[in-house]
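One chain, chain A, appears in both complexes that follow, with chain B as partner in the first and chain C in the second.
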Partner chain A sequence: MSQWWPLYGLKKKLTERKEYTSSVKLRLNTTGVFKRSLFVYIIDVGSSNALNFEISALEAPQYNIHRFGIFLTDSPRHADVLLILGHPVKKMIDPLRETILQLPKPFYTITIDDNPHQPDSVDYPELPNHIAALTGVPSPSQILGLLLDIAKTKRKES
Partner chain B sequence: MKVLIGVIATNKSEQLFILDNGQPVLVQANGDNLEEKFGNYPILKQHPLKINDEPMKGPGVFRFRYGPVTAGVREAGCFHLYTYGEKILRATIDISWKQREIAKAMQDKSPETALMMAERVCSNFAISHSVAFGRAVEMALDAVPSLPTKNWRTLLIESERIYNHLYVIYKLASAAAQKVLAAHVSALFEEALRLNENLTGSRYLMGINNIGRLNRMPTVTDIQKIAHGYRELAKKFTELYKHSLKNYNYLDRLHSAGTLTPAQADKLGLTGPSLRACGVMDDLNDATEHLISLPVITQKEGDALARMEVRAEEIVNSCRYLVDHLRASDSWNEAGKNDTEFAKTGGTGYVVVNSPSGALGYYVEVKESKMQRVEIFTPSYPGMHAVSHALEGLIFTDFPFVFESFGVHFADAAS
Partner chain C sequence: MKFLFIAAILLFVSGAVLSSKTRLSYLFSFLGSVSAFLTGCFALTQTQVLWSFPLLQHVELSLYIDHLSAIFIIIAAISWMALALYSIDYSKLYPKKRLPLGFNLSLLGMLLILTAHDGITLLMGWEIMTIFAFLMMQGTGKSFEHSYRFLAFGELSTISLLIGFAALYSTVGSLSFDALHNGSFFVLVLLSLGFIIKMDIVPFHGWMRGIYGEIPDNTAALLSAPVTLMGVYGLERIIPLLPNNQLWDIIIILLGAFSAFWGGLQAAAVDKIRLLPAYSTIENNGIILTAIGFYALAEGSGIQGLHYLATFAMAASIILVISHTFSKTLLFMSIGHAKEAYNVHTIDQARGVWSGVGRIPAIGIVISALSFSAFPPLIGYAGEWMILETLFQSYRFPSVALAFSSALAGILIALAIGLISFAMIKLIGYTALGYDHGRKSRPIPNRLMHIAEISLESLIVLGGIGLPLIIMFIGFPQLLTGLLAIPAPLVLASGIPAFGVISPTFIGIIMIVLLIIPVLLFMKNKKKVRKVESWNGGIKLEDAEFFTAPAYSQILEHILRGFYRTREKKSKTRSSISVEDILIWPSEAITRMVRKTGERLSWILMNGKISAYVAYILVLFITVFIIGMLVR
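Moving on to the complex of A and B:
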C-alpha cells in the first residue's frame, strides 16, 4: 500500500463512464450560456435530509461532476442555478425569497419536493425562471442528468 | 445504566420514558429530585427550540448569526455565535427553522400512513424511525412480528449505520481539507447507498418496513453479491482508515476538538457513538433485538477524533455482521410467514432503537386502529445540546469538526 496520498488510489478507476439521462421535462427553453460551466447553489427549505445526502453523494468520485463543468458554490451570488430542496416550511419562505434576490442573471430555479403531502405545509412562493420541478428523492444520476440538460452539455464525459 | 429518553406529559401527571439497562420503561414521575436523578430532565421537559439561549455580554462581545441559509451547514438551522473575535464564547442553536410537527400530524392517521410519515422525519434515519414506530405500534396492538421480519429489521438498521457513519467521516475529512481521504470515503458512502438499493430497492431503506411485517423480503438471489459488496466495503474502508491514522495533520485537527466529559454527556442525556467516545459503555445494543451481540466500541478522550474512531470501528463491525447474516438469510424466509395478527385495536407502546446517532424513542397511543398520540424522542436533540456546549471556548475553524463529529441533523432534532 502506498504511503503517499497523491499516489493512493491512482489505479482505482472510480469515475463512471455512462450516460446520465433525466426524464424530467424542462419547463423553459435553455440557452447555451451555461455550456462551459454551471454553478449550483443548494438551499434546504424543509427537506427530510435524504436530498441533502443525495447532493453529498453527487459530489462522490463516481459521478465526478467537475468533469462536466458543474460545481456547487458557497454563495448564491456566484450561482447559475438555485436548487431548492424539500417541501417548504413556513419559516423558510422569507429566507428563500431573500436568496433568490441574490442570484445574478441569468439564473434558473429547480425544486425537488421530497414530501408533497407534508401536512400543515405551505406552497412554494412564486419562483422566477422555474425550469424544473421534481418530486420524491431522485438519485444523483437523475439530478446530474437534469443539470446536464440545463447546461446543454454533452451527457458523456467531455 | 439509566438514561432519560423523554418526558411525556398527560393531563394529570407526567411519565418518564427511561432506558433502563437497555430496556425501555415508563415510570410515573413522582417529583422526587428529578433534576438530580436525571441531569437532562429540565431540557426534555421544557424542550426549548433555541438551545443554550442565554445572551452573553462583555467587552467587544457581539452576536454572529450563521444560518438558516448557509453552504457550510446545508440544512435549515441557525447558529447564534457569541464572540469577541476568534473564539466562540457561546453557541445558541435554533432548530425551529426545520420544524414540521410531524408527530402532531400523525394523529388520527392509520398506523401504516403514520409509519410513512415517520420515515420522513429524518430520512437518513428512515429505517430506525420506521422500526421504532412500527415496534411501538406492535407493542400497543399486542402483535409479534415474524422471525424473518425481526431479523431483517436488525440487518437494515446496521446498513443504515454503515452509510451514516461513512458520511460523518467524509464530512470530517472534508472539513480537515483531507481531499484525497474525503474523496475515497465519499466513494464508499455512495457504494453503501447503492448496496442499500440493491438490497431493498431504496437507497435510504424507505418503504420496506411496515407494521408487523416487511413490505417485501429482499430477494435471495442477489444476497451473495450484496454480502460480497459489504465485505469489499469493509476491506477498502479498513485500508483507508489505517492510512488516515498515519496522517498527523488530520489527527491533530480532530484531537481535542469539542471535548465532552462523561459527566457532561450524562447531564445532556447524550447517547450513541458520541457518548461511547467519552468512555461510557452504554447498553443501547440491548434495545434492538440482535441476532448476536455486537461489540460496544468506546474511546476515552471524548473529542472529535474519539467520535470518529468509534464510528470507524462500528462501520467495520456492522459490515462483518451483515456479511455473516446475509449469507444465512435464505433460511429465514423459510422459517416463518411475513404476516402478523393484531390482537387489539388500541393500546400504548414505547420502544427505543439504536439509531446511528444514538437512542431513538417512540411513544404511541393507538385507539380504534388510529394513532391518538405520538411522541418522538430523537438522538439529535440532546446531540444539538452537546454541540452547543462543546463549541464553547473553541475557535471558528473548529466549528465543522465539532458539528459534523456528533452526527446530528436539524431534521431529526426538530421533528
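Moving on to the complex of A and C:
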C-alpha cells in the first residue's frame, strides 16, 4: 500500500500552494529594499520546541523559502530580520539585547510568542522596529506569508 | 663652548646633590642636557681641547670634543632631554631619591665618555655610568639578583677595556687615543669586545630577560637607548683609528648580523611589554655593529673603488644610531606611560592605549614601531635601507669569502627586519590601537610626558623627510645627488657606479599629497559607525577569549620550534605554550655556578663555629702579610 503515498501527495499538492497568506497585520510600513532577498536570523529565547519544528519545515523542500530569496543566516550581522521565538526567560534577555545591537540597519524584529502565560517568565525587552507580533504556534505557511509581506516579494503562481 | 660644557657638568652634579627634591633634580638634569646639546652644536665645526691634565709622565687625562663626539653628544642629549622631561612627571608616581641621583650621575658619566680622549677618562666615565645605572635599577628594591647580573656584564666590559688599554700602554707607552694607530690586534679585540658587551650583542644579553619588567621606566629607557649608544660611540671612535684586521671585521659583521636575527626572533615571541623593545635593542645594535664592521672591512681593504661603499656604511651606521636612539627612547617612554596608567605588565593587559590612555602615547608607540619596521618615510626606513644596500653590494669585494660573509649578513639582517616588523605589529595592533575592553586608566601627571613624546615623534617623522639635511649634518654630503625630476641634494645614492637610490623626502611629499585626497573624501562622506563587540552567540566575551598576543606569535613559535624550544604546558584548568631564549643558558649556568660556590664557601666558612671563623681570619691575615712582604 505504501507505494501509493507519492500519488496521494501529488493529489494533495503538499509543496505547492497558490498563495501563502498571513493573517497578521504589519505594525510598520516596510521598505522595498528586501524585495530580492531577505536574510533572517532566528533566536530562541524560550519557546517550547514546536516553533523550531515549524521553522525547520520552512527550509525543507515542502516550503523551500530559498526560491523567494529568503535565507536563514547564522549571524545577526548578516540579518535583515530578527525572528524571536518563544516567550523570553530571564537568562536570555541579555543575549537578546546583544543580538539586537549587532543587527545592521535597516532591520525588523518579529516575535512569535507560543506561550504568553508561561510561569517564571519576563516581558520582552524594548524591541526596535517591532514589525509583527504573533501568538500561538503558527503554521509554516503563515510564517512564510509574513516574511513575504515584509519583503514585499511577489508570490509565484504554481 | 668650554663654559657650556662646565655648566653641563655642574648642573648634573647639582642635580645629584639635590636628589632629595626629585623634581628639581630632574629639572637640573634637563638643563644639563640642554647645555650638553648646545656644546655639541657649537663643536660641530671645530675640534677643541676642553681640558687636559698631565697625570704621569706619558699619561695625560684629556677631554676633547671633535665632529664625531659632537654628533654623538647631540644625539644622546636629545634622548637625555626627553627622558629628563618624562622623569619630572614620572617622579610624582615614583618619588625615590635614588633614581634622580643615579640619573644625573650616569648622564655625567656618559658626557665624560663622549668627550674622553684617553683610556683613563673613558674608563672613569664608563664606571660612573655603569654603577649609577645599577643604582637606578635597584630603585624598586625587588630585583637585586638581576641587577647584579647587569653589573656583572658591565664590569666584564670594563675589565675588557681595562686590559685593552693596559696592553696599549705596554706596547705603545701611552693611553691617549692618538696612540691607537700603533695598537696591536690584541688591543683591537679587547677594546671592541668591551664596547660590544655594552651594546648587548647576543651572547652578552643574558641579564636583560629578568630585569626589564621590574625596573622603573626612565631606567629602562636609559639602559636601552643612551647607555648602549656609548658602546656604539666607543666602536665608532676606535675602529677607524686601530690597525685593521680582516678576520676580526668578518667576525664583527657576522656577530652583529646574528645578533640582529636573534633579537628579532626573540622579540617576535615575547609577551612582556617591556621585553619586546629590549630585544629590539639587541636587533638594532646588531645591525649597527654590522654596519661598523662593514665600514672597517671596506675601508681596510685599501681598494680605491670601495671607499664610497665604506663611507656609505659609516653613514648608515650613524643614521641607524640616530633612528635607534630616538625611536627607542620614544617607544620606552610611550610604553612606560601606558604601563603606568594601566599598571600592568603584558602586551595583552595594556590594550587600547589610543582610547584608554591617550592619543599622544598611542601615536608615540605607532610611530616608533613603524620606524623600527622600516616604514617610509620615517628615519628607521632610511637607516635599514642603507644597511641592506650596503651589504648587498658585497659583490664589489674581490675575495669570495668576504663577499659571501657580507651577503650572509645581509640575509640575516633582512630576516631580522622582517621578524622585528612581525613583533612591532603586536605593539601597534594590541597595545596602541587595540580594543580597550572598556578599561579606563588611572589619571597620572602627564603634561611634560606629552611634551617629550610629541617632540620625539616629530623628530622621527621630520628626520625621515629631512634625511638629506641629516646626512649633510653628519658630514657625508658626497652621498647626495639628484636624479630625473628630483633636484640635487634630495636623492641618497648607495654606490658608484649606481646601485640603488632613495629619496625619503620625495616619498614623504608624495605620501602627504596622495593622503590629502582620500582624507578629504573621507571627511566629506563621513559615514556613521556603530561599534559593537565581537559576536559570540550573544554571550559576552571574556578577556581571555579575544585573539591574544601569544596567539598571534604562536604560528611562528610552532614553525621555528627548533630555535624557540617551544613546549606545551598543561595543567588541569588551562594550557599554554612556553618558549625559551637558548642563548642565555651560558650566563644562566655561570650564575648558578657562582651561587653554588658562594653557598658552599659560606657553609664552610661561616658555619657558626668560632674556631673556624678565627682560623679564617688568621689565614686571611697571613695571606695579606705575605703579599705585602712580596710586593715590598
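Here, the second predicted complex is superposed on the first by the 140 of 158 C-alpha atoms of A that agree within 3 Å, B and C clash if a C-alpha of one lies under 4 Å from a C-alpha of the other, contacts with A are read in each partner's own complex, and residues count from 1 in each chain.
Assume a residue touches a chain if its C-beta (ideal position, glycine included) is under 8 Å from a C-beta of that chain, and two chains touch if they have at least 3 such contacts.
Just so we're clear, the structure is a prediction, and the values are computed from it rather than from any experiment.
Student: Per the contact definition in the header, classify A:I43: touching chain B only (first), chain C only (second), both, or neither.
Tutor: It touches chain B and chain C both.
Student: Among the partners chain B and chain C, which is in contact with a greater number of residues of chain A?
Tutor: B
Student: Classify the contacts of A:E19 with the two partner chains as first (chain B alone), second (chain C alone), both, or neither.
Tutor: neither
Student: With both complexes superposed on chain A, which partner does A:N115 reach: first (chain B), second (chain C), both or neither?
Tutor: After superposing on A, A:N115 lies in contact with chain B but is clear of chain C.
Student: Just checking: does A:T99 make contact with chain B only, chain C only, both, or neither of them? Give me first, second, both or neither.
Tutor: Touch status of A:T99: both partners.
Student: Regarding the shared-chain residue A:F53, is it in contact with chain B (first), chain C (second), both, or neither?
Tutor: Touch status of A:F53: first partner only.
Student: Touch check for A:R77: first (chain B), second (chain C), both, or neither?
Tutor: In the superposed model, A:R77 contacts chain C only, not chain B.
Student: Please identify the positions on chain A that touch both chain B and chain C, taking each partner from its own complex.
Tutor: Correct list for chain A: 43, 75, 95, 98-99.
Student: Under the stated contact criterion, what part of chain A meets chain C in this complex?
Tutor: Listed in rising order, the residues are 43, 75-77, 94-96, 98-99, 101-102.
Student: If you look only at chain C, which of its residues touch chain A in the complex?
Tutor: Residue list for chain C touching chain A: 532-533, 535, 537-540.
Student: Note which residues of chain B are touching chain A in the complex, please.
Tutor: The contact residues of chain B facing chain A are 68-69, 71-72, 74-76, 96-102, 105, 117, 120-124, 126, 167, 170-171, 180-181, 183-184, 186-187, 189-190, 193, 203-204, 206, 239, 243, 246-247, 409, 411-412.
Student: Would you tell me which residues of chain A are touching chain B in their complex?
Tutor: 1, 3, 5-6, 8-9, 14, 41-50, 52-57, 59-63, 72-75, 89, 91-92, 95, 98-99, 114-115, 118-121, 137, 139-140
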